[in-house]
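Before we start, here is the structure in question, set down as structure tokens.
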Amino acid sequence: MSPASESTIDARIDALARKLSNWERWGLEDELGTLNLITPEKRVGAAACVRSGTTISLALELRSDLPQPPGSGRLNPQHVMTETGSDAAAGDSPGAFSDDVLAMSIHAATHWDALSHVFHRGFMYNGRPCTEVTSGGARANDIARVADRVVTRGVLVDIARHHGAEALAPGQEVTVADLESALAAQRVELVSGDILLVRTGHLGRISASADWASFTEVNGSLPLEPGIGADCLPWLHELGLAGVACDNWAVEHLDASSGGRLPVHEVGIVHMGLLLGEIFQLDALAAACAADGHYDFLLAAGPLPVRGGVGGPVNPLAIR
Amino acid sequence: MSPASESTIDARIDALARKLSNWERWGLEDELGTLNLITPEKRVGAAACVRSGTTISLALELRSDLPQPPGSGRLNPQHVMTETGSDAAAGDSPGAFSDDVLAMSIHAATHWDALSHVFHRGFMYNGRPCTEVTSGGARANDIARVADRVVTRGVLVDIARHHGAEALAPGQEVTVADLESALAAQRVELVSGDILLVRTGHLGRISASADWASFTEVNGSLPLEPGIGADCLPWLHELGLAGVACDNWAVEHLDASSGGRLPVHEVGIVHMGLLLGEIFQLDALAAACAADGHYDFLLAAGPLPVRGGVGGPVNPLAIR
Amino acid sequence: MSPASESTIDARIDALARKLSNWERWGLEDELGTLNLITPEKRVGAAACVRSGTTISLALELRSDLPQPPGSGRLNPQHVMTETGSDAAAGDSPGAFSDDVLAMSIHAATHWDALSHVFHRGFMYNGRPCTEVTSGGARANDIARVADRVVTRGVLVDIARHHGAEALAPGQEVTVADLESALAAQRVELVSGDILLVRTGHLGRISASADWASFTEVNGSLPLEPGIGADCLPWLHELGLAGVACDNWAVEHLDASSGGRLPVHEVGIVHMGLLLGEIFQLDALAAACAADGHYDFLLAAGPLPVRGGVGGPVNPLAIR
Amino acid sequence: MSPASESTIDARIDALARKLSNWERWGLEDELGTLNLITPEKRVGAAACVRSGTTISLALELRSDLPQPPGSGRLNPQHVMTETGSDAAAGDSPGAFSDDVLAMSIHAATHWDALSHVFHRGFMYNGRPCTEVTSGGARANDIARVADRVVTRGVLVDIARHHGAEALAPGQEVTVADLESALAAQRVELVSGDILLVRTGHLGRISASADWASFTEVNGSLPLEPGIGADCLPWLHELGLAGVACDNWAVEHLDASSGGRLPVHEVGIVHMGLLLGEIFQLDALAAACAADGHYDFLLAAGPLPVRGGVGGPVNPLAIR
């Protein structure tokens, strides 16, 4: 990156931030951001999308060998047993128990970003200073604040399938035109309060190969990632979407031109208060949608209410 | 306990186990247990319980100061930051991020027990030997197997309110008669595939006082706990319930007569394959149900899919 | 505390800081502080203190039930097994292994404070800004820098015994007069490069009762602690001691007059670069010294070299 | 491996076990094993090896990116900050602190194996059943038992240098002849109670390349490792050594002929009660020994006293 292009990226992010800001839109104290767009009526309508009664989990299994390769700085989910059946077999009690411990980087699994996860020019969502996120956790905009909110109509847009590809190429950008033409082909419309799930096929391809070396950030180097471009933000804003999740590491398109910046995070999370979901498994859902032609469903995806958490692990369920 | 009463408890557990066994009912390889009773049609019906579009989380906030007092052997949820806004403030990048790690005993928060959590006479659900649960985790009956299943009609039965009490007394048993009269008063009926949420008021009372010393096991001593008695198991079996959750530590009634045994666990989990949910916050849900008279709702409560996990943290959502 | 006394404490700390500063004494890049006072000749002399060939560990056993009571914000040492003999018994291999994991707050066990553990007016030892200690760890003055240095002559001064007490009272201050009269009675002299171990009896008394509620900080409240007063700092400076360790939580005297400040830390660590050791078990050593009249010994006490660590767990060995 | 060779290895291990057993040698209750060979007189003599007063740490720095590659099942040392200088900078207190947490597989750093780390035919050292090592930790032979013992004369034998190599080849066996000729060339003799440090150069070579992929077990596959062969065990036994440590992962020679077995562990730890030290950094020590011709020194290497631990992290100090 030349200094010139750095300032270009900066200027572009600043312009988007000004244009799309939701600060104070829902009050000076608001910590929900675009989740405010999910109304009770919205949820009643979403429940009507339950047609066949099947459920699909969009969570990656929690395992120690993924999704981070070594050196990334994040801890893959570690599961250790504190009591076992082996112990029970060696004992003489008729009734016995097993027990376990889980330790993980919250962002090293299927999760929602909290609105305290990202800062732009020293601030997080709704104009709060970044210094409200200390080693003690986030004093505002933490994930616990939204734990009961994430139930709405979900809509899958299958960009990989629309392009006739198993998966988009690493670094391929998903544009507004891609989204609109795929949605049109799927005969489904987005409305305010929806959560959009964007399928690139990226996570499925990497899962199949078990080669996680290029899926996440490693040692400060961002991966080449197919995902939505920053140009999608005004479109998401206009539609009034409550959130966006994707089958990749960071939702957004990343390549050499990104210059190490994440505009969808910096503008979307910080200025729009947009809920972003990462490392969502969308392949099984996509197959089901393709089979019956219904791309909308009830999405129930409340994160664990971690006090002070800047993200929340979640098992998102598509109920169709 | 005299040896006589130990053998009495043993005999009672053995008799219930024989009578209520679901081993092989859904095949030799089954790992779902009573979750088999949730059919797709069941879920379509459950979605029709969404009337007002409100959602209530039944999860306790994840914090380091609860629910275990010191010495219990379990680790309360620990949240540590690996990147902060303070760091960002000290840096000079316009875009910045925070990050965090969560470590916890899985059973030290709102959770579902996996069918690998309990052993009786050396076996777990469906006749698998307890030695399939080693330090490497559960090779069968782990929580990841059921992560996409736990969506059905939920029914709250508010025993505390029915008794006109803020909370049941520690050690008070919930009987079949209690359940039936409370359900009748609430004008709601249980049917096959439902998950029953039993409110004792116990968790709410302890949360209010912030005195957790008597909520969980400590140093091998079981707490005095209001909960369902083992006599409820045949009734649950007959009704075909898919699961039971409670606002206490272990679902079941515990007092001096328990002799250190947990028959609802030993028979329910091991022999019936019954899904048990613990440390569910039911007070806000109870208030909402009392306000509009509807005690059934869509329950979306998929646990985190921890590979090998003998339990799963969950943010259960009641969608009404 | 009234504002007046706050400013009095501030003024006293500032005055001591100016008077005792070792910043730049050993160069602009120095990260060793008073450990520079341990010369090779010093260690040769220290080895001559090995008279009987006995060794005494000054470390508290690492256990999950101490030294922190609940709510302190630090994590007691947690030990979990990842492979067990029970598993081996259930297997069929002639050779088998066990394995384990340790997780702990570094300062929740016998440890040395790193020179990056404390800040005064925004700076740590040798004038480095506190912002060099981020969520990524300490970029300077970390414990790994001194891991090979802490071998010298150790001298025990048994203040409790000198006062004819099992232990000093909580909040009792150890003065220069106490130190000098006890050393004189013990017929031992301090010289440059020594590490002084100050026995108050406090840890032993609390260990015996297993009541840890008043040993450490809890929820931001400092304990009443017997320990050295800030007036000892000039005396330590004059003598040229390489470090001080104590059988308490924070080395220094803490009571209501402390106003929540820790002058021995703020002046000693930040301005003098003084190595402080905490939660050292000194009772067995004291008994041995009293028995044969030798209060000096070879102290080998290298902390674990945790990269970026602001403290280091240690098993200090007195070799007599 | 053919079944024939498996039974050959079994027979060889059994024969060595019978021949070299120290069970009951130091009493039925002994948990120290060969550390019994370190007498007080031995330590007085060891102190006389302190000639120049220099100290060298033999510990690998604790870092998250080594020594395990991904998939090994062990957790590299993880260091997380719970309070930082960045937080302090954002606050307004004149005095402030940083704090941190360490989490690690005990065997994923420089450590001593406890005598509860290995089982042979269902038993550990001194005939105790392996079932005494449960998920609760080792009830006998834990590392805390030996925490104050590991101070004695250390002797370095530099096999790599003796062979004129930077490092031995992966899978190269160190024989008794190698040891004897190297010691003779170094003009140093081993006597009872010594701890022998065997330098292969392996750890140094891998550290230099930062390629840890082949240093440890990965997914159940043992590495090719230069180290001592099982034939050295009778020689160690005859000499009365108190322990052996090496600059590799498992002390012992591992190659395709090992058949997945570790005879030095199975015989040495289980039957001899021999203290084994792994992942010791010996290059700096070797350089110092070569420079002045002294290959013996005082070794102070007490592990952290982890209650129930089957290993203990250590910062071994060679004091010369």
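The chains carry the letters A, B, C and D, assigned in the order they are written, with residues numbered from 1 in each.
Just so we're on the same page, contacts are C-beta pairs under 8 Å (C-beta built on N, C-alpha and C of every residue); 3 or more make two chains touch, one makes a residue touch a chain.
None of these values were measured; they are calculated from a predicted model.
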Any chance you could check whether B-D or A-B wins on number of contacting C-beta pairs? A-B
Superposing the C-alpha atoms of chain B on chain C takes a rotation of how many degrees, nearest 5? 180
Separation of the C-alpha centres, chain B versus chain D, in whole Å, is 45
Inter-centroid spacing, chain B versus chain A (mean Cα positions, whole Å): 28
What positions in chain C touch 2 or more of the other chains? 73, 75, 80-82, 84-87, 89-90, 99, 101, 103, 131, 134-136
Quick check of your reading of the touch definition: is the inter-chain graph here a line, ring, star, complete or other? complete
In the complex of these two chains, what residues of chain A are touching chain D? 64-65, 69-71, 73, 75, 78, 81-84, 87, 90, 99, 103, 131, 134-136
Name, in rising order, each residue of chain B that touches chain D in their complex. 80-82, 84, 86-87, 89-90, 101, 103, 135
Any idea which chain D residues touch chain C in the complex? 10, 13, 39-44, 46-48, 50-57, 59-63, 73-75, 77, 79-82, 84-86, 88-89, 94-107, 109, 116-122, 124, 129-138, 144, 147-149, 151, 261-262, 265-266, 298, 300, 302-311, 313-315, 317, 319
